[in-house]
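Please see the structure below; I have some questions.
Here the chain labels run A, B, C and D in written order, and each chain numbers its own residues starting at 1.
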Amino acid sequence: MKLYEYLGKQLFARYGIAIPKGQMVETPGEAAEAAAEYGEAVVKSQVLTGKRGKAGGIAFVSSPDQARQEAARLLAMEIQGLPVEKLLVEEKISIDQELYLAITVDGASRSPILLVSLDGGMEVEEVPAERMLRWPVNVNLGLQPYAIREICRRLGIGGGLQKQMLELVPRLYRLFRELDAELVEINPLALCGSGLIAADAKVTIDEDALYRHKELPRITEKTALELRAEELGLAFVELGGEIAVMANGAGITMATLDMVQHYGGTPANFLDMGGGADLERTANALELLLATNPRAILINIFGGITRCDVVAEAFAQVKESRGVDLPVSFRLVGTNEEEGRAVLERMGISAFHSTEEAVRHAVEISLP
Amino acid sequence: MAIYINKSTRVLVQGITGRQGSFHTAQMLAYGTRLVGGTSPGKSGQVVEGLPVYDTVFEAMEAEPAEASILFIPAPFARDAAYEAIDAGIKLLVVITEGIPLHDALDIMDYAHREGTVVVGPNTFGLVSSGQCKIGIMPNRFYVPGPVGVVSRSGTLSYEIVGNLSDAGLGTTTVVGMGGDRVVGLGFIDVLKEFEKDPATEVVVLVGEIGGSAEEEASRFIAAHMSKPVVAYIAGKSAPPGKRMGHAGAIIEGGRGTFASKIEALHEAKVRVAELPFEVPSLVREALGNS
Amino acid sequence: MKLYEYLGKQLFARYGIAIPKGQMVETPGEAAEAAAEYGEAVVKSQVLTGKRGKAGGIAFVSSPDQARQEAARLLAMEIQGLPVEKLLVEEKISIDQELYLAITVDGASRSPILLVSLDGGMEVEEVPAERMLRWPVNVNLGLQPYAIREICRRLGIGGGLQKQMLELVPRLYRLFRELDAELVEINPLALCGSGLIAADAKVTIDEDALYRHKELPRITEKTALELRAEELGLAFVELGGEIAVMANGAGITMATLDMVQHYGGTPANFLDMGGGADLERTANALELLLATNPRAILINIFGGITRCDVVAEAFAQVKESRGVDLPVSFRLVGTNEEEGRAVLERMGISAFHSTEEAVRHAVEISLP
Amino acid sequence: MAIYINKSTRVLVQGITGRQGSFHTAQMLAYGTRLVGGTSPGKSGQVVEGLPVYDTVFEAMEAEPAEASILFIPAPFARDAAYEAIDAGIKLLVVITEGIPLHDALDIMDYAHREGTVVVGPNTFGLVSSGQCKIGIMPNRFYVPGPVGVVSRSGTLSYEIVGNLSDAGLGTTTVVGMGGDRVVGLGFIDVLKEFEKDPATEVVVLVGEIGGSAEEEASRFIAAHMSKPVVAYIAGKSAPPGKRMGHAGAIIEGGRGTFASKIEALHEAKVRVAELPFEVPSLVREALGNS
């Protein structure tokens, strides 16, 4: 779960990490009021994408009037398809040097990893690998002072800046661990005089751990249907094509989509119904599938923990209750396959044995 | 021969009294796995599928030691269960549970590493040494002995591919599911090393997906250290960037972990890459012919 | 640093461990007032020894008057030589079962160790070893729920009591780690209906870690001289005999005392001046030595990090400034021995080479 | 021969620019220890006693790797320095620092155990393999080669005893100071095991003190596993219970760790026990005669 910059900065403040004075506003009037307090100010679109600077989503202003104008402009914008609904108005800070600092999880070392660079302010992908210091963190030890001193040495950071890092980095790491973050990123981390200030904040919280963070806000980038899927505990992504696809397992669902594309079709969605779903959950998944208004439906079940008969029964139920008339391509193998096929036969559906056949058929029936 | 597990491996089921735990206990027994018991706090003395139930792993190990354990424990309690298994002396831990918090997974891996326990998963279908021992939730019938080692990031997709192989008369030595989470215990390279050493494995099938850099790293390892031929299939060619495709690991972020970069790395390592899952058997045949 | 029961219980409350209602009082009048609130109450002497129950330091009262009387009696007592200056007045709780629970550090396993027994309420030394469960704790993992469940299983603790333990034990462990405790002990841990209540509290904090616990009170069992020694950073214990003993190193100081005793003398104190002391520190140590009003002084220096000349110079300085006329037995070997001996010679003191000779001489000169 | 360290051991000094660090650097160099450098944050580039100073242990190890490190670091920062040494690959860590918080010591031991680093101390005088390598603060002159292995809980007392031995013409293989704290790395048993294996060590002197149960446990080990004769001296016979005699470990609590219980255990293990420190050499001679 990505957090807006202003929320990330609230968390930073809670952990003792310095941030610029500022406040979140939702109207040009509020923006003008806030800017009046700071004189020179910056108005920043609050959107969950990193490219807002290039997209013109950030404005520097010198007066409340200018703040009002710019806020109006920004609130009318879309950045990478995301509407701008909130702004952060902050005092302008005078920056001597920009650093990059982040902590995330490194699957390869199965550990947190600290990333530090003296090339702050630019897109992280643009920083040459040799100028980005990567330090895997032993979760048992955490980020101890010695590690920060060694990191600073490698980057040539000494004196007062090193001292600041020795204070800041452990705080950021504590936030990362205690709040179950997947990513905490400060870019740029601004050296202003002798102090380090987080000029930006990117915080992503692990959704699987949200249950133990009742205090955190709930932010979503999902569509209404994706939200509905989340409620149902299903992995669902809207893709905008013609064939509604459901399979059991993330990998096979992806592979099914790949095959749809390979044979010239367009998938309406990614829907992994997961393993071992019961009748109700399966029916819910099918309802979701219909809600994308597809031209055809492709269901690809390789029953392991999932039982073929349950999927077939659920389909029969939903088809009847909703009067579904869409063409369907069904693939059904594995646990309780015979029983499942029998149920489908009663509806006049003959399930395929191979994914390939099922996908080809689905593409055919999806064409106008 | 096989890797990690064989017919003498004694296996415990943590969370044996739950719906999934009991169902798969029956399935594993049917496959021939040497299950020695299960745990469920407060349910010591019960019997599931003929197996004794214990309150704790320590109690189970006192009654009959096990080398491996499979976890059917809800995500909020999985870390504790993993700690327990490791502390009690389990050396191979198969974590089926989905949705374990990322930081809990980090903790589990750290402790397992310290104690020398091999973790498979989390969010894995498990592993099976065909004809000998299955510790997982995959359907029994496709896992028949043969010369192919399989390692996969995703479950059902690997069933599909192993099913295709067995339909084509190609059996497997061991099939290992790494798990779909961002942080998992066994990685491609760990498993590839074992397959390289296993005399019964003649060819290895690697089933990957978009996201992360595991396939790229595996490719470098293959180029440098594998004498046996490798066949690969990567899922997610059609996936849009920035969207999480079910698996926590399957997300393309900031231009990393793309389908293209993985395919390129595999080609450089002279791995035979299948465009679609059902092309895997013919590539395996080809590799077997050449080797 | 041992804490009084009432202070330990304050810490328990801070960590969510249930304690009886109660308050600390210092006069019989306050005791009566407190008891009035509880009806049946218990008045407990606050002394830093475990044997106060047997010594009659605890009284059960049913009325404010009785509380006043008992408080007066207790406040006049000494328990194991310690005057009773504070009392804890608590509501009487109705106990169904008494357990023993403690966490301390086990040198052998180099780890914390949890001790649990169903034989609560008695002196811990009296609990048979096989009825005391000892569970070493991996500091990396801490005390996880599985460990508590396993401990409960071994002790035959199930159901509601196990649930209570699953809540209480991690809290006690957190206190133990966060407050740098050497020992936290609850004896008895009282099962009252379905709840566990800490009926007593023994908490010892690591003195070496006090610098990072400004929030904790400072309690001392030391004499004025021992306190002075602490200020000076010296290890000092008053022993009440005739020969003031100073050596450098805890082990050699102990061995010197043993030899004093062996040859029929009585040591006035234990004073380890530590290693590498400078002139000032050594002079301070000597001042302390004189303050015990000994008949003779024994100084045993095996110079390693400590320089013999510094010790001799300090002695000369103190002897002169204080006009010390006491007989002295000096042993001096090691770093800068020659220089040190020269200094002593100027005062007419001929230092010994062996500890044995020095001790024998000290015993001789200490006899009346 | 000797144990733990020898003339090829390369040693780093953490905290080399301090008063103690620089003094003992000179002393260790004079003894012949192969010191390769020292650390002191912010002082990279300085030179102490002819040795290069680095900011961090990693920097030092890049310049010249060391196997061992000795810590002269104030107590509040000692844990961090120990972590650093262990993480940078130091395999023998000698912690001179006194007054390290108990829980910090627990943390150090845990991490050291995990990484396979041997810790001597804290609050130790160090260790010395006579005539080869001294990593510690003991006076140089008594440590001459010979057949006696010494392990001691206290510093100056062991100098006294080793001094008595050398005066009596008895040299030492290795002298190990365990340290006076409640939690220390190397224990009696660890060191006894090494002496038992070391061909040059013919007799072992154990110097203990009241408090804790290390001497009792050592006695059981000696009875079961030591073929070489052991001579012991225990300090603290005259100490009153409940008082901490300087060393954190030297406190008799609740009737445990008494002089009597230690002597009894040693006698049961057929250890020759000296009543007073200067009796040690004659008991060693006796043991050498018998062995």
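Note that contacts are C-beta pairs under 8 Å (C-beta built on N, C-alpha and C of every residue); 3 or more make two chains touch, one makes a residue touch a chain.
All values derive from a computational prediction rather than experimental measurement.
For the pairs C-D and B-C, the count of C-beta pairs in contact is higher at C-D.
Mean C-alpha positions place chain B and chain D at a centre distance of 47 Å. Separating the centre of chain C from that of chain D, both taken as means of CA atoms, is a distance of 26 Å. Per-chain CA centroids place chain B at a distance of 55 Å from chain C. The set of chain C residues that touch two or more partner chains comprises 138, 140.
Those residues of chain B in touch with two or more other chains are numbered 110, 114. Interchain contacts close the chains into one ring where each touches exactly two others, per the touch definition above. Remark: the chains found to touch one another pair up as A-B, A-D, B-C, C-D.
If you check the complex, the residues on chain B that touch chain C are 41-42, 44, 55-59, 77, 80-81, 83-84, 87, 110-111, 114.
Contacts from chain A toward chain D in the complex involve residues 138, 140-141, 144-147, 149-150, 153, 158. Every residue of chain B that touches chain A in the complex is listed here, in rising order: 19-20, 23-24, 75-76, 98-107, 109-110, 113-114, 125, 137-139, 152-160, 163, 180, 182-185, 187, 207, 209-210, 212-214, 217, 233, 235-240, 243-250, 254-255, 275-278. Interface residues of chain A facing chain B in the complex, by the touch rule stated above, are 105, 107-108, 110-112, 124-125, 138-140, 177, 180, 182, 206, 208-209, 211-212, 235, 237, 239, 247-255, 257-262, 267, 270, 272, 274-276, 302-305, 333-335, 354-356.
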